[in-house]
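Quick heads-up: structures coming right below.
Consider the two complexes below, in which subunit A is the common component and subunit B and subunit C are the respective partners.
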Partner chain A sequence: MSQNEPVIPKENSFLAEIVQASGETLQVCYQCQKCSAGCPLGDAMDLLPNQVLRHIQYDHREKVLGSKTIWICASCYTCSVRCPNDIDIARIMDTLRHMAIRSGITPGEKDIPVFHSVFLDEIKSRGRIHELSLILKFKSKTRDFLKDTGIGWKMFRLGKIRLLPSTFSGGKEIKEIFNSFEKGKNR
Partner chain B sequence: MERMILYPGCLVLSRFHEYELASRQILSKLGIEALDMEEFCCCGSSLVSGVRDDWINLPAYSLARAERLGMDIITLCGSCTNVFLRANFYLEKDPSLLERANSRLERLDLGYAGTTTVRHIVEILVDRVDEIRESVVSPLNFNVALSHPCQIMRPSEILPEQDTLSFQAMRGIVSALGAEVVDYPAETDCCGSTILLFDRAMALKVGKRKLESAIEGGAEMISVCCGNCLLLLDRYQSQMELKNGGRRMPLISLPQLIGLALGFPQDEMGVFRH
Partner chain C sequence: MREVSYYPGCSLHGTAREYDESIQAVASLLHIRLHELENWTCCGASSAHCTDEALALALAARNLAIAERSDRELLVPCVACYHRFKVVEREAKEHPQNRTILYRGNVSIRYALDFFCEGSTLEELKTKLVKPLTGLKAVCYYGCLTVRPPKLTSIEDYENPQHMDRLLEVLGAEVLPWSYKTDCCGASLVVTRTDLVRKLSQRLLSMAREAEADCIVTGCTMCQANLDTRQEGLKRDAGGKFNLPVLYFTELIGLALGHKDVKKWLSRHITDPVRVLRAKGLV
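After this line comes the complex of A and B, so read on.
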C-alpha cells in the first residue's frame, strides 16, 4: 500500500456512507483548519467546517446531521478551493443536507430547510423561479410577513419585482422530470 | 457573427434588466450575437443540489435544449454558472449518471450528449480584452473595487484547464477601461447573497463586512458580475448601516461599466436603475 493511499473507512460507518455518497475522500483531512479560517459564515456556525469533517470521521451522525452548519453553508466553495487535500467540502455539505432530510433528525435550523423546499416547489410548478410568489410562500410558512415590506416597495418602484411570473412552454416538462423521481421510477 | 445563447437566469431576468441589456449590447459590439432560448428552466441554484440528489436533471434539461440548438451558453450569474459547470463535470466523469439523466430527458424527446459549453460573461470578455481596450473612448478615472463572481471558478476540480477564470480576469478588464483597481482584504470573500432570502441578518452582516472593507481600501465604486452580488450589495445596502457617513457605495455590473467607457449613453446602460 502506498504511503499516500487514504484509509479505507469501516463498513457501514457514517464515514463510509458520506465517502460513498459524496465521492470525496474526506478521511484524508488532517485538520489544518484552512476551510474554517476562510469560511465567510464561520461565526454563525455551531460546528466549523473542519469540525464537521472530524465528527464524520468519528461517526457522530446525529451531531452532524442535526447541526446548524450544514444549513448555514452558502455553497461559496471557498473551503473546497482552500483545502490542501482537495476535499470538496461544500459538496460534502450538500450530501449531508440530503441525508439530514431523509434521516428525520430535527434540523438545527428551522427556516432554512423550509426555504429549500419552497424553492424546489416553485421550480416544480413553473420550471422557473418567480421571486414574488417564492417569497410569499416562504413567508406564509414561516409566519413572518412584515420584515421586508419597506425594501420590497422600493424595489417595486425601480421595476425590480415582477408581478407576473415568466413562463415557458417547457414548464410542464420540468414537473415530469421531478414527478418521475418521486414515484421512484428511474432513480 | 458568432452566435451564442444568453442564459440570464431567473434572478437577472426578473430583477436586473440593466445588467442583461448591457451584456447584450457589449456582446454585440464584440461581434457576438446573444440569442434567447425560450425553453430554459431555473438552474436550481446551489439550493436544489442541497436538498435533492437528482438536482442534475434541472441543468441537464437546459443543457440539452441548448445542445439541440447547437450553441454554447453564456451565463450572467455565478450560481447558474457553477451549477452548469458542476453538472457538465459530473456528467462527463460518470457515464451512468449521464445515462440516468438521459432516461428522464427521453420522455421529453430530449437527449444530452454532453457537448454544450457554458461560459460566464467574464470569461467571454477577458478573451476580448484587447478589443475592449482599443474601443475605450472615455477612460474611467476613478477607483473601482472588484467583487468577483466567486462561484464561477469553484470548486477547483471543475475548472477548465485554461486559466482564463482566475481572479485576475475582471481585474484585467477593469484596468483596460482606464480605472484604478483597488485592493481590499475581503476582495475574494463570498458576498453572502445565497443566504439572504432565509437569513437576512446573517447575509447583511457578511455583505457589510465586504462593503466596509472596500470602502476602507479607498473604493469609489464596486464592479460586480453576478446577479446575487447585485441583489445583496446593491439592493440591500440601505439596511447595512455602513460606517461611511451614510453615503451610498455605488455598484455597477461589469458590462455596464464597459459600456460607459465605450461611450454608450448612460441611460442605455441603465445606470439610473440602481
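After this line comes the complex of A and C, so read on.
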C-alpha cells in the first residue's frame, strides 16, 4: 500500500467489504454533496447518496442495507459523473443491493426487490422477458391488480402487448447460469 | 451492403415494437442487412445488476459470445441492453481471467443512436431525403445510459450531447434547446413506484411544453414508454393536456425518407403523433 492510499479502519468490516466488492475508493468522499444535488430521486430517499457514503464510513451496516435509498436509486449515473473525487456512486449502490439481498435485513422498499426476483424468474423460465406475464406475476405477488390496468388494455389494443412469448432455444445455458448463481447465494 | 448483427432485446418484441419495425425499415433503406443473433436471451437488465454481479455479467455475456462467432459489428437498439453489454466488455478487458463470462471482448458493440448518427450515415441521409421535416419543432431526449457513464459510452459532451440534435437537423426538423436532455425518467421504477415516475415524467413533459416542442424524440425504450403512456393521467396535476407525442428517432428517419410503413408505426403510440404531424403537412 502506498503512503497516499486511504486507510480503512480495522474495525470497519462493512467499509472494507464494499471497497473490495465495488472497487471504489469511497473513503475519499469529502461530503461536498454534489452527488445528492443532482440525484433525480433524492426527494424519495430516506438517505441521500452522500449520507449513504457517510454511514458506510461509520460502519452503519443495518441502516444502509435496510434503507429505501438503495432500491429507489434508478442507476442513472448522474452522481457518478459529477463526483469531484471520481467515486462511482451508482456502482456502490449496486454493491449495496447485492449485499442487502444476502444479508437477510428487511429491505426498506417492499415491492422493488420482489419485482427484481420475479423478473429474474421470468428469464430463468423463458430466456426472455414476456412483458405481459412479467406484470401479471408481479401483480399476483403484490396483490395490486387494479393499478394501471387502463394503460395495459390500451397497449394491448395497439399491438404493444403480445399474448404469446417469443420462443428461443437456449434454455440449457440459461439454467446453468442460474444454477451457479443459486450455488453462490448459499455459499 | 453493410452486414451487421442485431440484438433486438425483449422490449423491441413487445412494447417497443414500432422501434424494431422502424429500425429494420431504415436499415434496409440504407442498404444495411441485419442478422438477428440466433437464440439471443434477455441481457438481465436492471433486475440482474441489482441482484448479483456474476449473474448480471453471465446473462449479458452469453449474447456477446454468440455475436463473437462472427466479425460483424453488433447493433443494439435498447440502451439498457447496450449498457449491460458495455459493462461486460469492460470486465472482459480488465479481467480476462474471469471465468463467469465466455466473451473475450472482440465485438464492436454499437448503440443504435450512435450508429445512425455516424458522419457517413448523415451524409447518406442527406442524399436520400424525400420529405424534410420542415416546421417540426422537436426536443431531443437522450436520457441516462445513452450518454452516461462516459467511460462506457465514450460520449464526451455527456452533459449536453449533440449527436441526435445533428441528426434531426439533417432530417430538416427544428431542434429546440432545453435543459432536460439527459435527465432520468425513473425507468423500471414505473412498475413498483409509479408515483415517482409520474413526478419525473410530469417535469420532463412540462419542460418540453415550455420549450414549445411539438414532439419529444428519443432512442430509449423506457423513456419512450414512460413519457408516452402517462400523459392522460397527468392532465389534472399538470393543469391541462400535454398531447406531446414521443417518437423514436428511427421513426422520424423513416418519415423523412418516405418509408411506406410510417403510419403503421405511428398507430402504435398511446399519445397520437399523427395529429401534430398532419398539421405540419408531414403525413
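The rule we apply is simple: the second predicted complex is superposed on the first by the 172 of 187 C-alpha atoms of A that agree within 3 Å, B and C clash if a C-alpha of one lies under 4 Å from a C-alpha of the other, contacts with A are read in each partner's own complex, and residues count from 1 in each chain.
Keep this in mind: a contact is a pair of C-beta atoms (placed from the backbone, for glycine too) under 8 Å apart; a residue touches a chain by one contact, two chains touch by 3 or more.
Note that the structure is a prediction, hence the values are computed from the model and not measured.
Taken together through their common subunit A, the two structures put subunit B and subunit C in a clash. In the superposition on chain A, A:123 makes contact with both subunit B and subunit C. Of the two partner chains placed by superposition, subunit B and subunit C are both touched by A:81. In the superposition on chain A, A:72 makes contact with both subunit B and subunit C. By the touch criterion stated above, A:62 is placed in contact with neither subunit B nor subunit C. Contact with both subunit B and subunit C is seen for A:98 once the two complexes are overlaid on the shared chain.
The intersection of subunit A residues touching subunit B with those touching subunit C, taken from the two complexes, comprises 21, 40-41, 44, 72, 74-78, 80-81, 88, 90, 94, 97-98, 101, 111-112, 114-117, 119-120, 123, 127-131, 135, 138, 147-148, 151, 154-155, 158-162, 166, 168-170, 173-174, 177-178, 180-181. Within the complex formed with subunit B, the residues of subunit A that make contact are 21, 40-41, 44, 72, 74-78, 80-81, 86, 88, 90-91, 93-94, 97-98, 101, 111-117, 119-120, 123, 127-131, 134-135, 138, 147-148, 151, 154-155, 158-162, 166, 168-171, 173-174, 176-178, 180-181, 186-187.
Per the touch definition, subunit B reaches subunit A in the complex via residues 10-11, 13-17, 38-42, 44-54, 57-58, 61, 65, 82, 100, 103-104, 107-108, 150-151, 153-157, 188-190, 192-195, 197-200, 202, 206, 209, 235-236, 238-239, 273.
Chain contact summary for the complex, subunit A toward subunit C: residues 21, 40-41, 43-44, 71-72, 74-78, 80-81, 88, 90, 94-95, 97-98, 101, 109, 111-112, 114-117, 119-120, 122-123, 127-132, 135, 138, 147-148, 151, 154-155, 158-162, 166, 168-170, 173-174, 177-178, 180-181, 184-185. Residues of subunit C that touch subunit A in their complex: 10-11, 13-17, 39-42, 44-55, 58-59, 62, 100, 144-145, 148-150, 158-159, 182-184, 186-189, 191-194, 196, 199-200, 229-230, 267-270.
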